[in-house]
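You will see two complexes here that share chain A, one where it goes with chain B and one where it goes with chain C.
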Partner chain A sequence: MTPAIRPRRAARASRLPIFLLLAVLLPLLLMPLAAVFIFAGRGGLPAFQQALSNPDAQFAIRFSLLIALGTALVNGVLGTLAAYVLSKYRFRGREALTVIVNLPVAIPTVVVGTSLLLLWGPIGLLGRFLDPLGIQPMFAPLGVLLAHLFVTFPYMLGAVKPVLDELEVTYEEAAYTIGASRWQTFRYVILPALRGGLFSGTLLTFAHSLGEFGATVLVSGNLRLRTQTAPLFIFAQFEAGNIENANAVAAVLATLSFLLFFTLLRITRRERQEGA
Partner chain B sequence: MSIVLSGLTKRFAGHIVVNHVSLEVNDGEFFVLLGGSGAGKSTVLRMIAGLSEPDAGRIELNGRDVTYLPPQERNTGFVFQNYSIFRHMTAAENIEFGLRIRRAPAADRRRRSDELLELVGLAGLGNRYPHQLSGGQQQRVAIARALAQDPAVFLLDEPFGALDVKIRAQLRQSLKEIQHRLGVTTIQVTHDQEEAFELADRIGIVERGTLIEVGTAEDLYHRPRSEFAATFIGGGNVLVGRAEAGHIRLGGATLPFRPDSPAHDEGAPVRVLFRPETVRLKRERFARGGPTHTLAQGLVRDRLFAGPVQRIRLDVDGLQGVRPITPPPAYGQRTTQIESIQPSDAPGELFAPGQALWIGVESYHILEPTGLKLLVCCDETPGGEAVSEFGGRLAQAAGGPATLLSVVGASEAVAQARDRLEEMRRRYSPQQPMVHTRVRQGQSSAEILIEAQEGSFEVAILGRRSGADEQALGATALRLLEQSEVPLLFVTTPRWPLHRMLICTAGGEPGKTSILMGGRLARRTQADVTVLHIYGSRATLGEIARATRHVQEAQATLEAQGVRCQSRVEGQDDVAASILAEAESGDYDLVVIGAPRPQERHRGRRGELVFRIVESTARPVLIVPVVS
Partner chain C sequence: MHRFGRMEALRSLPAALLWLTAAAIVLYAAWPWLPWGRGKTVRTIVFYGFSILGEVMNEGVFPAFQAEWQARTGEHVEFVSSFAGSGTITNQLIMGVPADVALLSVEIDALRLVTAGLLPGPTWRDLPNAGVVNRTPFVILVRPGNPLGIRDYPDLTRPGIGIVHPDPLTSGGAQWAILGEYGSALRQTGSPDAAHDQLLGIWRNVVAQAASARGARTQFESGFGDVLITYEQEIISDQARGRLIGQIVYPRSTIFSEHTLVVIERNVDPQERDLIDAFVEFLWSPQAQRLFVEYGFRSIDPTNDGANPLFGTIADPFLVSDLGGWERVKVRIIDDIWRDRVLPEVNP
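Now for the complex of A and B:
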């Protein structure tokens, strides 16, 4: 009788790579995030509350949320339109346009800020005609919004266009034969099918806008109580040595981002289950 | 008439996808468009629904011209292969969608969707979302949704293509019942013959954008008119024999024409279809005069047990002059294959491979004759243009399919040659849809020979290169005459129209084939024919009498075909010279001569009668090989 061959453990993969990955990620990603909360909580709740009750801090958080909301709304509509046109229409220059609308991902945000200044600033290409009229988009809330719209434009597109591309034209055709107009088809057939993409695109835009720094710092002029966003506030307080103030706002920002992120995760997961 | 299509045409990027489709579908009829993938059948359906705009033609639905109406205003119900039911709506919401956008009251909508869910067998499942339904159920929802607005016509594009066989059968059954109950005029597109047979009141067969044939399933199966229908639907044996004195000659066998058979010219090819299940097999010959006609003896090649039936393939040797269309002969195979289907309880040893069996056919069907099938060989020389023009005209007169062929040496020249042929096709035969173009690469004579044999053309038209004088007939012609039985039409200077035709039946040569071929050409071009027989000056009285009788028979045959004809016999020693003299004096537009049998052909090529005539006249000459 031949001895039974012991089954080797090769069938189950070693867990070593998992531990390696964790060991790398811990100092790289997890610990810095933890540090924010640890520092923010160090002075106890009263210190945290006091730091947040600072009017500059309150303005910065409110302003950031407002800008993020505006950006998400405007780019939500614009991005969907861009996705619809680029996905459903065939025209000359479509390829080029696809590249152009995705360009903001590749351009450093500081460069975006500079280019906006060179266009809308007091001596900019367009700004110099507006300046005599008393219109000054730069160093004003509008400038911040413009910068954020620019920087976050591709996120909506990236979330919606793949869904549109996958949505076969027969769904629209089915609606047409049933009697739905082009608008009704968009409203009742296409838009609901895009729901998941719209949600995640908007949240993504919102989150990115909330954290935008590079372009904002240039176009806003960092004016407190006027154009200072939360990230700018954090930076300014750090530079001035008010670490508690900076930490408190950073903790709020981080928490908000986490919430957004988990909502996003849940939505995409649900979409995937239903989409099958 | 619910649906009337006339001359519907659609091109995509210059390619014709739907070619002059005309069709009338009756009220309440279930019509199926059957065809292979890419045949253009879906495009027809999409044009009816308004999802695609025709380039030409007209669409009428219930007497209303809807050709250029948007899909919303046509009131059609459309079912897609991929269901396309809206994923974010429940089954009921999907069905109610049309009513909702028409702002129908909620209660009415509810009632309608319940009604339709019941109709398609999904009662109680209205609240389910698509992802909670199986593929078959989703397609039922799609059917209900398409029917919710009481459409004038119901259109289904391969609705069961994505479903597995069992579900497909159930759904087919349901669809048939629903359609019957509602009496809605329906067109379904499918590539599945079984589906078409089960569902359709009538079937239209589509191939390369053309509606080839329309009929009931039984008509198309048992009595198709075209070769495509015969071979596309069901398995079948299609053999090409010849019409001979009111019979069909198939090698050694003759079958009588049926009373309902389409008329064939004498000597014309006859395409005979017999379905495998009607083929009888026996060890002994079938009795003469019985209901079964003996076809030939064959050897069992193989036997396939397929459950309810067994499929037997036989090799038949010696069906001379018979060309099999299906089953298609394998490369290098000389024998003809016949397929037979036998009940599966028939004794297997009878059909063991190698067994010699007699093959009998009881019921057979004769396909519509096509016009003369022409091969026009075009080459680069200026004369080549003239040849193709002549070919185009002849093809038009003959009413048959024609192929413009060009052979090029280098692969780089293929595209250019193709463009040239396409342009010729447009120029010379704009209203002839059955003209095809073909470019082959390789050595000219070899490629032309292969094309002539494979395409089974009835006449090959060759231009004669002036200047190639080492052998006036050229390598191609010689090769064709020696290795194929295709009649060759030499054109040096085209003459059109053909008013006068001279058919020569020279001494000692039977001439029957040349008379028949010349007659077919003359009938179609309405040329007057002169039959000339020349006997040697030392001929005996008996020989002269035989020649006279022969010529009179020829004249009778031609006149029976409706050709104006006169005949003459002449005694001359130099046959070629007297034919040439007659050709000149009568100013004939075409001279027809029979080519002798191959073994005779090899004795002294140059002195040969045929070659001398071709060399010495600029008139078109048709050389008809003599089939012994």
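Now for the complex of A and C:
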């Protein structure tokens, strides 16, 4: 009985669930993804390049990246603050607030879009007073950013708050006993422990913002070269019957999101190894 | 000690690569907005158009006007545009999108802008040709070889035919189609009952409703239904590009849609006044009208239409004014007959 045999047999026995999963995922996930790339490449590389070099497509991809970046930065800070407050402070209404900040996950994005329009739009509750001043957040990049901040708010929170909840209070107390201020404790004790959560939260927020459609289509006015994000470009091109153009940009988004999540996986794995 | 340091360096190499990639992506995204990436300042026209206008405007009319304006003033004009169903665009305009100019499929949408207070009155009627920029008849598209033997609107009432129709709630094309379906029977038979029956028969066969005429065509192209009722322009422009999947059927009698231009004065910057006026005027110029014909629209001046050999003939064409004008048909035909009588019978 050599020790080399047993693990191999065990490995063979454990293959079945893998095949089962692949068989299920093939029509559900893998084939649709493959279809995007097949249709994107149907006209050959020159057609793919031409579709991507279209100024509208270039603008849409760039605009989406910038909005996603802005969303990730703002929500990175706001989400961390929310996680810190909700985890470390005890106050009345804390639970209600926790529920509310997580709500965007469950609200249809279209509803988010309409509510933003009815608040900030030229005929909206607040927008009505801003309009005479010449301030128009909706149908402009700011409107798109507002929508994305709303829709992706819970992701940072979800990545950071569990880490904070589990963080031993003793470290913080130790920091206070040697005279560290609240800010110093946060900067030198809590923040380093949060690194993995911050990274994954920011990347998740970025990825969701990159793919956001439902709220964006309403608040952006879908103006090409001004507020048209990549998903809106894909939809418009698909509706117009330019399937190659739509799929070329879709392929870029799919590749980007694959890279993002691959990085995410590597980071979380490394953090776990370092933590162990 | 030395070994350890090398391992650290190796491990941080992917991290450095990662940051480099991230920085490259950010640089790429921000490039056009960076001080050295920015082009010279331009003047901008914000244009909203109904669904089928996308190609003719983006590829034909915008570049032609840009060239003309550049030649005349040396300035570069940038067009910022959005295309969707006429009703969708009208709703967006009412919500406050910053459009300078909008080309709507149906005049009734322009009237909605007046009701909403966006326009002080029917200002488009002061424009050339009462604001109508171009037109196109409503026709029937069938599968290649016409397997169901469809010749005219009455054939569409036969049971078992699947019709793809845009949604009148958001699509101007759908409202024109209803007028075509109803009005053709009214003209052929003279009987409102027969016209109602034809509309009902057709709507019993509607299997899919898309938000815009363009969306309906995409549905039909992806294999849905047997018949599509749509603008002739949609079919002609596909035919010209050699990508038409289907066969065009000209009804004996059908309606010519007329597309109305509105200038949203409230959104026009006083400094852009001359530019907007020049663009509006340009749309009725022989050059723009010929471009419309090239892309499959019928010109407001029928003598231009000879330039497109793909146009078919219609024995008995009619206009919305023959049915009493938009204000009247919206109430009498779209609301009273289609919405209140036909729809409840189709979906009891």
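The rule is simple: the second predicted complex is superposed on the first by the 255 of 276 C-alpha atoms of A that agree within 3 Å, B and C clash if a C-alpha of one lies under 4 Å from a C-alpha of the other, contacts with A are read in each partner's own complex, and residues count from 1 in each chain.
Methods note: contacts are C-beta pairs under 8 Å (C-beta built on N, C-alpha and C of every residue); 3 or more make two chains touch, one makes a residue touch a chain.
Treat the numbers as computed from the prediction; the structure is a model and nothing was measured.
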| item | value |
| --- | --- |
| Fit-or-clash call for chain B and chain C when the two complexes are aligned on chain A | fit |
| Touched partner set for A:V189, first chain B, second chain C, both or neither | first |
| Partner chain(s) touched by A:L66 [first = chain B, second = chain C, both, neither] | second |
| Chain B versus chain C, judged by how many residues of chain A each one touches | C |
| Touched partner set for A:E168, first chain B, second chain C, both or neither | first |
| Contacts of A:F233 with chain B and chain C, given as first, second, both or neither | neither |
| Chain A-centred angle between chain C and chain B, computed on Cα centres after superposition, in steps of 10 ° | 150 |
| Touching partner for A:F199 - first (chain B), second (chain C), both, neither | neither |
| Which superposed partner A:I178 touches (first chain B, second chain C, both, neither) | first |
| Minimum C-alpha spacing, chains overlaid - chain B and chain C, in Å | 10 |
| Chain A positions touched by chain B in one structure and by chain C in the second | none |
| Of all residues in chain C, those that touch chain A in their complex | 14, 18, 21, 25-26, 28-33, 46, 51, 54-55, 78, 80-84, 92, 94-98, 212, 214-215, 217-218, 221 |
| For the chain B and chain A complex, residues of the former touching the latter | 49-51, 70-72, 74-78, 80, 82, 84-89, 97-98, 100-102, 129, 131, 142, 145-146, 148-149 |
| Touching residues (chain side chain A, partner chain C) in the complex | 59, 61-63, 65-66, 69, 117, 121-123, 127, 131, 136, 138-140, 221-226, 228, 236, 238-241, 259, 263, 266 |
| Residues on chain A engaged by chain B in the complex (per definition of touch) | 168, 170-171, 173-181, 184, 188-189, 192-193, 195, 273-276 |
